[in-house]
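Please read through the structure below; I'll follow up with questions.
Chains here go by letter, A, B, C and D, matching the order in which they are written, and residues are numbered from 1 within each.
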Amino acid sequence: MTTQKTRIGLIGTGRIGQLHAENIAANPDIQLAWVADPFVDGARTIAARFGGTPTNDATEILDRKRVDAVLVASPTPTHIDLIEACIDHGLPVLCEKPIDLDISRVNRLRAKVASSDVPVALGFNQRFDPGFAEAHRRVSAGEIRDVEQLTIVSRDLAAPPESYIAVSGGIFRDMTIHDFDMARFFLGDVVEVSATGSCLFDEGARRQGDDDTVVVTLKARTGAIATIINSRHSAIGYEQRLEAFGAGGVIQVVNAPSSLVSRSGAQGVETKSPYIESFLDRYAAAYAAELAEFIKLTRGEASTSPTVEDGRAALMIADAAQRAAQERTVVTIGAE
Amino acid sequence: MTTQKTRIGLIGTGRIGQLHAENIAANPDIQLAWVADPFVDGARTIAARFGGTPTNDATEILDRKRVDAVLVASPTPTHIDLIEACIDHGLPVLCEKPIDLDISRVNRLRAKVASSDVPVALGFNQRFDPGFAEAHRRVSAGEIRDVEQLTIVSRDLAAPPESYIAVSGGIFRDMTIHDFDMARFFLGDVVEVSATGSCLFDEGARRQGDDDTVVVTLKARTGAIATIINSRHSAIGYEQRLEAFGAGGVIQVVNAPSSLVSRSGAQGVETKSPYIESFLDRYAAAYAAELAEFIKLTRGEASTSPTVEDGRAALMIADAAQRAAQERTVVTIGAE
Amino acid sequence: MTTQKTRIGLIGTGRIGQLHAENIAANPDIQLAWVADPFVDGARTIAARFGGTPTNDATEILDRKRVDAVLVASPTPTHIDLIEACIDHGLPVLCEKPIDLDISRVNRLRAKVASSDVPVALGFNQRFDPGFAEAHRRVSAGEIRDVEQLTIVSRDLAAPPESYIAVSGGIFRDMTIHDFDMARFFLGDVVEVSATGSCLFDEGARRQGDDDTVVVTLKARTGAIATIINSRHSAIGYEQRLEAFGAGGVIQVVNAPSSLVSRSGAQGVETKSPYIESFLDRYAAAYAAELAEFIKLTRGEASTSPTVEDGRAALMIADAAQRAAQERTVVTIGAE
Amino acid sequence: MTTQKTRIGLIGTGRIGQLHAENIAANPDIQLAWVADPFVDGARTIAARFGGTPTNDATEILDRKRVDAVLVASPTPTHIDLIEACIDHGLPVLCEKPIDLDISRVNRLRAKVASSDVPVALGFNQRFDPGFAEAHRRVSAGEIRDVEQLTIVSRDLAAPPESYIAVSGGIFRDMTIHDFDMARFFLGDVVEVSATGSCLFDEGARRQGDDDTVVVTLKARTGAIATIINSRHSAIGYEQRLEAFGAGGVIQVVNAPSSLVSRSGAQGVETKSPYIESFLDRYAAAYAAELAEFIKLTRGEASTSPTVEDGRAALMIADAAQRAAQERTVVTIGAE
């Protein structure tokens, strides 16, 4: 098959941008055509390794003669402007999450997306993790009948720097937002949000008025209840577990082990360094699958890429969780 | 050693009463001296199998010439009167949970217990389960440092009959109460309660205005957050799991498997009939250990038997959870 | 049902004799009627705890007016004489393994058993272990199709005293014999035996010319190959594992865990004190089931109790393994 | 660092050759310079994807002006000639296993290697598998003290075509040879070999006089006993397990799971498609690490690459196993 390779313009060359560049290079259907970063050295390094033309000016990329689609991996405050510019140039765009921290700006974008036919995808990569995707497929196939309870445990290896927390929008909008999307993925619309938070170990979070330990309870329109358990640190490695419970049983996704070796001795059985330590390693396959799904979208094929609607819904839950935790109440989310 | 056997009077010969009779018979330090049940045939059957004198009148038992201690396994509404009568007769008593469904009655009993020196123990048997007890010992020893998150999953095999639900005081006071006690066992005082409930599958519960699916979030005075996940049914057998998370790692108690056999085939690996199906089997060792601990109490030895204070605290949390779920708010529990 | 209880005469009150006494007491269908041991104090202690009349003379027991069946748990050299006496008195007998260490004596007994209709059962208790029995049932039901490979790992907690080794008949006849029976249970007749042994850690075994570490390979008439891996010590507790492999997959019986608790930390995941430490604990349920099956036999009901034929076949394999290891050859076992 | 990239000449572009090409391309320290295959289209395809000059004539590659090192992935009968030619041209070479099926030819090569200083490495890739390597490191560090028993279970997904079996040298030289090397890796020199084989399911093997099911027992010079269990098919996926047992406990490497998802239902707990199905996937990391280690060797750095001595020793064990199985005896391996 001699399909033309899709030319990708990559904006942003931080940790996630680099990962995307690597995945673009490894995917035979696409090529890295342009790379933009205001720190042009970052763009140059990426281009040297994975191909494409480097630039310090993202607007240079937004040209259908130069690229067929755009991947936005720049800081959150730039997301909406870049998505809007892509729409204006008729360029399909995959943007990293979150869309924005301000729901009113997201609502403005929502209107623009709705009135355009340019595909816009949102980077909720965890939906494409082989484990979560298999669990979702099997739950959707009715293996446990209707889901009654969904339990998600996500724990980061270590708290981010205070400077990051200061601009993150808080733990619910920054970290839990992935789990909010996962809850919607499995349960559909959420109508009620409770949240309990504590700041137990991270001085940076405390100074910023943020929590490092939270539990959120969501009620779906179906009546099913989701529980999300988060911590900003974890001695045992990056934790990402999920359990769906229904009348027919339980579907479980366990943490990814980092070794197949165990030692049994007089004191017990132990396995070394239990779980994969970085979300980049944990979700390597997910990022590649997310990209492949986006390419389908750019080609007009059926695609399950998450949308701006998904991003907006997750942000609304995050806002509700924030208010629930602060005001010690239960927050209802309206139909719209 | 020729210690005199402690003579036990057992009141109530239902499912739990029978189990206690069996444990009394198997414990070489004690003997079943009297057995009371208004349905005297139950008392006779037990006495024939495990020894003792049967009677249909519990008051006959309350005599220090006849018994050294009393075990109350009769219906909840009789608990407080029987405990008070035991105190009046100077008889140490172990009473099944819950003490009562009405906190004002419990407060009245509390005063009487406080002004007496007759030992009163409460049947929170799960504290004595080898797994939970080992986890508690190891957490107390600092193996994971301070607990930051505690997660408990308890699911019954099948919903009880509607007639039982009607007098149970609701799922929080009847079922979750064990988990409330376990949360206090691991975290100490609870200061804040959130709860979300749904009625998803049990028509009997729905008619009684009760839930069959609940999630409760507790904040401890320490700031630690406990999450309790309950369901009135479970296709995979009786579920009782616990996970304590701290800066130093995770202590986990898994469900008890019912078989050491697994089969791996082309479709996957499977083990048959995953978990023990009855709480009587699951907690057989716990009930025996609870009894042994109570015997220590009756002999004036150091004992960790749960007290009326523990029963009262759990009931207060249950009341708070009930209100939190109904009024969709967060309920604060006062210092006293 | 008012079936008369079967009266059991127990001969031998060592560790296994005591366990049998306990199981007899716990089984509502039978009663301990007589207990014999040349060390009459042992018999008296057992009788005081579990009932029956103590005696120092086993022949006193062998009287159908006194007992309905006999359980032989005395030292190996007494087994054949006692079984023969039971046959002569028309008393069904369950005898502990091994029948004897001398195949010619076993052959003599075999003839006597064949010409009598008194039931004689042999104590290969592991067939009644819930895990092994489930595995056998599922293999027999064809869940993995024909068995092609059977792998058994048995490791004792610690080597026995040298005085025991001196009279044990060697590791193959004393320890591996259980696994030989298990191999026959799963695979049927064995036609070829290889064995490799080393003495690596136990000075007592070395002085007695015995091995402490052996691997035996058996070829069944079907062509299936069984591998048995034994060690006289194990730091991780008593090990008893089995794996049957066929074209349809694998049926596996794992070691019995001693705790449901695990701890995950920065160094790894560990569970404490991995496996049950004593074969008496490990096979508690098996001994009780073995007894129940023998009772069926005494009552003329269908029964799967192992027979003298099973004991003889296992001993022949043990003899062959001993010769294979010593002469560094492969030993063929004849049709008979 | 501006180290010159090592130029690799790849000979052979079958399944393994392609994998090596991919690994060469992914390793920043090396480059694919030449690719040879008599079927020149194979060479061209590889060169187009991963770089280098294609040729149908392997001798063209053997030139230090063109390449710095050679990787031999051609059929077994060509191995020795190619290794000798590499030595003659002063080119370090990594050759796939086995060196050859004829020990006398291997001995001839051995002499040549010994009298040269050109590095020759052998492709026992499993030594570089992260799991086996970690187990070896921990065993070497004394975590279980001296190894007393080593148990290896290797089972292929499905039997190879009869045409392959016909030239494979038999199951011991073709398949078990990896396990023989692994046994030597953990236990050192082997002095005694027993083997039992059956042909139970593969008609092709039967026609070729080969077995499809074998068990081999090795005694090491230390007295430790290794057991190797092989089958040419496995319904549950590619099986590669290892267990080292010593006085201090057990180090275990389990099969690699293909999914983190499990489902628990009323019938049991099951995980889908249990194990990775292809040795190429299972050992992807091992092949990459093997290559990196070889590069160190070519650069004169310390390296643990297996040698011709390792290849020869494994072949001698395979020959002994073949004879042991056929002649139903135990074969001793001499000091040399």
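Methods note: a contact is a pair of C-beta atoms (placed from the backbone, for glycine too) under 8 Å apart; a residue touches a chain by one contact, two chains touch by 3 or more.
Nothing here was measured: the structure is a model prediction, and the numbers come from that model.
> So which one's got more C-beta contacts, A-D or C-D?
Per the contact counts, C-D leads.
> Looking at CA centres, what chain is most distant from subunit C?
With centres defined by C-alpha atoms, farthest from subunit C sits A.
> Would you kindly tell me how far, in whole Å, the mean C-alpha position of subunit D lies from that of subunit C?
42
> Can you compute the centre-to-centre distance for subunit A and subunit D, using the mean CA position of each chain? Integer Å is fine.
For subunit A versus subunit D, the centre distance works out to 41 Å.
> Residues of subunit D that contact two or more other chains, please.
Subunit D, residues with two or more chain partners: 144, 235-236, 248-250, 264-266, 272.
> Chain contact graph: line, ring, star, complete or other?
Per interface graph, the chains form a complete graph.
> Looking at the complex, which residues from subunit D come into contact with subunit C?
The contact residues of subunit D facing subunit C are 144, 146, 148-149, 151, 153, 155, 192, 194, 196-201, 213-215, 217, 219, 223-225, 227, 229, 231, 233-236, 245, 247-250, 328-330, 332.
> Going by the contact rule at the top, pick out the subunit B residues touching subunit C in the complex.
For subunit B paired with subunit C, touching residues are 130-131, 134-135, 138, 143-144, 248-256, 259-266, 272.
> Sort out for me which residues of subunit C touch subunit A in the complex.
Contact set of subunit C toward subunit A: 235-236, 264-274.
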